[in-house]
Amino acid sequence: MIHNSIKIQTKNLSLFYGTKQALNNITLDIPTNRVTALIGPSGCGKSTFIRSLNRMNDLIENVSINGEVFIDAVNIYEENIDVVELRKKVGMIFQKSNPFPKSIYENVAYGPKINGIGKKSVLDEIVERSLMRAALWDEVKDELNKSGLALSGGQQQRLCIARALAVDPEILLMDEPASALDPLSTAKIEELMYELKENYTIVIVTHNMQQAARVSDFTAFFYLGEVIEYDETKKLFTIPAKKQTEDYVTGRFG
Amino acid sequence: MIHNSIKIQTKNLSLFYGTKQALNNITLDIPTNRVTALIGPSGCGKSTFIRSLNRMNDLIENVSINGEVFIDAVNIYEENIDVVELRKKVGMIFQKSNPFPKSIYENVAYGPKINGIGKKSVLDEIVERSLMRAALWDEVKDELNKSGLALSGGQQQRLCIARALAVDPEILLMDEPASALDPLSTAKIEELMYELKENYTIVIVTHNMQQAARVSDFTAFFYLGEVIEYDETKKLFTIPAKKQTEDYVTGRFG
Amino acid sequence: MRKKIIGGSVIFVSASAAFVIVFIVIFMLGALFIGGSEKLTWEFLTTAPSDGMMSGGIFPAIIGTVLLVLVMSILGVPVGTLTAIYLSEYANKRFFFTRMIQFAVNTLAGVPSIVFGLFGLGFFVQFVGGGMDKLLTGGLELKWAQPNLLWASFTMAFLTLPVVIVSVVEALRAVPNELREASLSLGATKWQTIRKVVLPNSYTGILTGAILAVGRGAGEVAPILFTGVAYFLPHLPQSLSDQFMHLGYHVYVMATQSPDVEATLGLQYATAFVLLVLTFTLNLSAIILRYRIRSKIIR
Amino acid sequence: MKRYFERVLDGLKTSLIKMASLVEESIRYSIESLIKRDKNLAQKVLENEDRVNALEIEIDNAINDLLALQQPVAVDLRLILAALKINNDLERIGDHAVNIVQSALKLMDMPEVKPLVDIPKMAELSQKMLHDALDSFILSDTSLVKTVIESDAIVDELNQRVANDLKEVIRQDISKLDGGFELLRISRNLERVADLATNIAEDVVFLTQARIIKHHADELQ
Amino acid sequence: MKRYFERVLDGLKTSLIKMASLVEESIRYSIESLIKRDKNLAQKVLENEDRVNALEIEIDNAINDLLALQQPVAVDLRLILAALKINNDLERIGDHAVNIVQSALKLMDMPEVKPLVDIPKMAELSQKMLHDALDSFILSDTSLVKTVIESDAIVDELNQRVANDLKEVIRQDISKLDGGFELLRISRNLERVADLATNIAEDVVFLTQARIIKHHADELQ
Amino acid sequence: MNKFSRNIDQLKKKFRLSEFLAESIIKSVAFVSFAVIILIFVFVFREAIPIFYSPEEKVIDTEQEFIQETYGEDESTLLLIEKENKKSLEETDYEGEVTFKNLAGKEWQPVSRNPKYGILPLIVGTFKVTMISVLIAAPISILAALFTAVFATKRLKEVLKPAMEVLSGFPSVVIGFFALVAVATFLQNIFGYDFRLNAFVGGVALSLAVIPIIYTVTDDALISVPKFMTEASLALGATKWQTALFVVLPAATPGVFAAILLGVGRAFGETMIVLMATGNASLMSLDIFEPVRTLSATIGAEMAEVVFGDTHYNVLFLIGSILFIFTFALNAVAEFYVRQKLLKRFRGES
């Protein structure tokens, strides 16, 4: 179905919280430099799935995982995989914007710094470029020393995106990145995604079906831990193949 | 413009938090048995406005209010108004569902009880009717003794609606009642509003423009504490009179 | 109408309760100050007791108390802080080890201070001290196997350990999890995350924990009764193996065992007041710090 | 109980069905008035026209509101878009009925041009096509679509034949020129009705299969 | 920088303008081919037709996607709905150009029926109407709409005159019957082109004022 | 294929020394708390255990230990005297001195010629004082917490709360001192009882130490009742006091319960206050105006004078063990039962 090159590939991925199964045999190919949206009712496993792509679930106690997740054809759940390196490659943006209580500059420079980049000129350059990419530079360039927390909600979220971009990831995972924002800030984030997908592979979880329709190239409909349908967004929202999907997108579900 | 009878009328309502003005000269007629939606960017005063309709702002220190709010032609900010009685007449549903940590039954019966209704049979009757109206009865009728907190998010929100209905209000104020819910629960709440407006006057704040378009009969667009445009929803979303409104609803704002 | 009456009385009764407490506090503070004001002089603070403690100052007791809390903090605060870091950052609730530590901290917090005293006596003075003497001098010389500053400090450090742990854990938990996730998702290691994100955002909390512990330690008497405090010493402690005087104990002995309690009443009041001021200064700074943290969290 | 949105959609469908039956009636009456030379029936068609026009605008407005307020997707969106087109097509069919009636009225004041054979045939066929197309829409069922589309060719052929026949008649008797022109116009209008019925049928395919088959009738499965 | 959605909308507008210029070209060539009896130009119109049909479907799909994925409201929604209708109308105009060309080709094989006077006039007028209507759309400017709608009556009158003239010609010389029929068809098609241009103009009013003025041209301000 | 291997390299696990060291050190240090608890357990009980052995063995045992390990020559005479005492005791037919029957006796006279180790009066005394203190402290502090958490204006709160914190910072010895020199006389003047120092005075003094605990924990529980719950109630037309009594307080009950338990624990184990304010007579009586001797005060008063290793010494450790076990149990209940319940309530599982 997908003719682009594949960036992320899950094969029979199942995930359990204790004995509770949250993901059931998910096999999904996520294309390079496209936006892939995950939709589905609450608790269907969207966040769980996205967090298993950078092994953020490792932080939760009691999690067990079956199956495989390939990123650039490397199974990230293999024994000898370094989670820290993986997470540099796979950036993540969270629902609630979470800038560090530091200056804007320090927020963006955090990632490069912990990776051992100490030279001020290099850092300056990275900070500027990342903020530009996150479409925030113009708004903050004169006050890089202001606290990241002094920004508005929408700006904070873009700051978090800039911070993620600063470590040069290839993939951006976004878990409801705009659900706490008002329509204006949401529009800005969505706009940003159109631009970012030129260089990054983006996976976004969203509760907002209209948002999924607007921003994504591909959409996966999750239900009860399974992928019911996965297709081009256009197709999913005009002529979905499964009755369940159609019921969900037209609001007739349940 | 509005030909229905008027339930709520504000006249030159201004509100200050300390010296910060949050509402500026709001004059608005809200019709009986209709859904009126308030939209606008974050911080424009929607919540402040809605909370001034049941004097919930009285709880915040440092608030000062000018102008008048008439409900059924009575100015609720007059000296001799009993706030407790007012709030019985003007129910409120909050963004985050907030059931008491009591049983479903006790949650709904709370209002009648504090109003001195003690007879079990009367309470039973009120609880059943309120839950029915809130479209929750069928789902919970066999487990009225379960904790209200054990329900799902969407059910909790409907429980809160039932609880508000139990004190027999005439007006329902809803501050982003569905913003924390997934699409399915949101659809249920919206559906409920179509039914409730037959008997109640509903004022809803929503961040979700599509939601305002879907559920409301009238829409007011707030910006910086002022009402920029107030009209039939249909009109506002097809041919708004003000450029600012059009820019906002089409996402070109700011 | 009935509602109004009930409402009024509910508020009245609860307000009275609150004001009763405030009244007691003010009354006690006032009484102690007035009772001791006559004797509260610079001299009182800087000289040793004389005339079989019938007169003179409390200098050695102040020094003893300060030394005690100093050594105690040096011993206890790092352990408490590291334990708190473990509990908040590394612990996995599934591990038996974690549950064990958590259980130990909770239990430790509830152990009566007098039991700590017994423990100090049984463990430090007799077991450890005895062992050391045996090792160092072959048991010929009695140096460590008796109550002294070190053992009292150890005992006190353990007593205050849960205070440190609980308030540092609180401070660490107050750092939103989102910040940790943010750091980890940027490819930071766990220790990097703790060092660069968690600790910088909780150092006031750690400081509060330390001060609270010190405040608690300065006021406690029971644990040192048999682990190091002395009734009267002609000179200040010279080493960790010396005994020491203590303000709290000083109040106790003067009030209960002095030959003429009435005659030294002024001294007693003054001593109690000094002790109170010492613990207050500590507690107050902790309170202020804690309020600042809380308001920062609420933001 | 049905959802509010579905109730609104149902309302739209009902209006459209009302519109369809009005238009079907107009076509039927227009042909009958021609055959029976009945001015009353012709009058009825002219009266219908105002109602059809009003209904068209009403439906158009309802569709605009639905699209602006309800964010329909998938099958709902396709239904609304199909309704939009069918509404337009029905109004056009109504116009053609009026055209037919206008010619029929002129013909009533003239002697008979020739016995009507092919025109009634065309009328019957295009009415059937319209009816089938509308049925397909109402039932969201594409089984009749193929027949409708195939019938269009027959109607085209009949139209051609009528034109040729009429030319012959005129050549025989130049006095029949005016009457011939009117019959020609009627035939042409019927041919357009069949075209529009075909459009409706194509819209049903779009509604059910989300494929645009216009200009590609061969693609129909 | 423009928003993504606006860029998509701009894309839609561009496609529509491309379509419009293709169709304008077809109409122009069809008339020229008639007047100059030029088979090459006629051929070009037939070639255009395929491109127009393809473009119509492309635009239709783009509109469907926009409606399904972007939840447009207010002016955006009206633009898209206007585009939907204009797209449809343009395709019909393309069809009419083909019809004209078919008749023109037949006429090339016959002797001249009569010197063409009114038909070129009609052609010029309806082309101007079309051009004005499309300009109004592109500029979202209703100042030309009134002229367009008023011109439609003139075209109707010309069409009537052409029909009467042709009847006269045929009555004079029955051998001109076939040619007369073809010219009649051409005139009728031009009349339809003018109608469709009027539709487009009406859609521009909807786009800018959200009012449907169809059947109520008098309401135009 | 080339790309594949490069990727694997990039993601291959690395050894990070600082990471390893940090984790190891933190883990080892964390173990200290547990070690301490075990040590307390071991060393307090260890010294109590000898009571349960036969007297002869024990005496010899401790004797040796003492002479060798602890005491210098000066005190050996003293020791001898004690030993004489003991021997003479053993010669008198007081054989059951360490049996449970003796421990369960009604008299506590450890230093008499005929030592009696009946700890019953101590237990009764402890409970008496604890009861009095909690009965005074609980209502006051719970009501006060309700006032500051719900009714007080922000201004008032800013005055009241620090006052409570100040009280919690009072060293117990200061409270004891104050009770001894001021409160006792004051109360005696009011109630006119015989003994200046008694269970009641002790209880009153002790309540000053208990109030801050109950207050703080209750206040925490009340404050952690989410604000939206209060708003919900008010929005339904409830008054402030109805909201306080019907929503806030019930939601916080487990917390209040825990507060009381913790208060009991504190009162039970508190030493200096009771040592100074209760009169310290081991009377077996229910009269609250008679002097009492509590378990903790007994240890505090007698440990300094006792001979290391003798029966009295062991019995004092036994008393320590009792204190330990009781407070341990109390905390366990408060901690596990109550907290779980509170959590469940807010999560909606009960």
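Note that the chains are named A, B, C, D, E and F in the order they appear, and that numbering of residues resets to 1 at the start of each chain.
In this text, contacts are C-beta pairs under 8 Å (C-beta built on N, C-alpha and C of every residue); 3 or more make two chains touch, one makes a residue touch a chain.
Because the structure is a prediction, the values reported are computed rather than measured.
**Q** Which contact partners do chain B and chain F have in common?
**A** Touches both chain B and chain F: A.
**Q** Could you classify the chain D-chain E contact as same or different, where same means more than half of all interface residue numbers appear on both copies?
**A** same
**Q** Just how far, in Å, is the C-alpha centre of chain D from the one of chain C?
**A** 95
**Q** So, what's the distance in Å between the C-alpha centres of chain F and chain A?
**A** Each chain reduced to its C-alpha mean, chain A and chain F end up 52 Å apart.
**Q** What's the distance between the Cα centroids of chain A and chain E, rounded to whole Å?
**A** 49
**Q** What are the residue numbers in chain A that touch two or more other chains?
**A** Those would be 84-85, 187, 209-210, 213, 237-238, 251.
**Q** Tell me, which residues of chain D touch at least two other chains?
**A** In chain D, the residues touching two or more other chains are 3, 5, 64, 68, 71, 73-74, 77-78.
**Q** If I count partner chains per residue in chain C, which residues reach a count of at least 2?
**A** 189
**Q** State which pairs of chains touch, listing all of them.
**A** Chains touch in the following pairs: A-B, A-C, A-D, A-E, A-F, B-D, B-E, B-F, C-F, D-E.
**Q** Chain A touches which residues of chain E in the complex?
**A** 3-5, 64-65, 68-71
**Q** For a test of understanding, state which residues of chain F touch chain B in their complex under the given definition.
**A** Residues of chain F touching chain B: 153-154, 226, 228-229, 231-239, 242, 246-247, 250-251, 345-350.
**Q** Can you list the residues on chain A that touch chain F in the complex?
**A** So the residues of chain A in touch with chain F come to 72-74, 76, 79-82, 84-86, 89.
**Q** What residues on chain A touch chain E, complex-wise?
**A** For this pair, the touching residues of chain A are 187, 190-191, 194, 210, 213-214, 233-234, 237-238.
**Q** Under the stated contact criterion, what part of chain A meets chain D in this complex?
**A** 209-210, 213, 237-240, 246, 249-252
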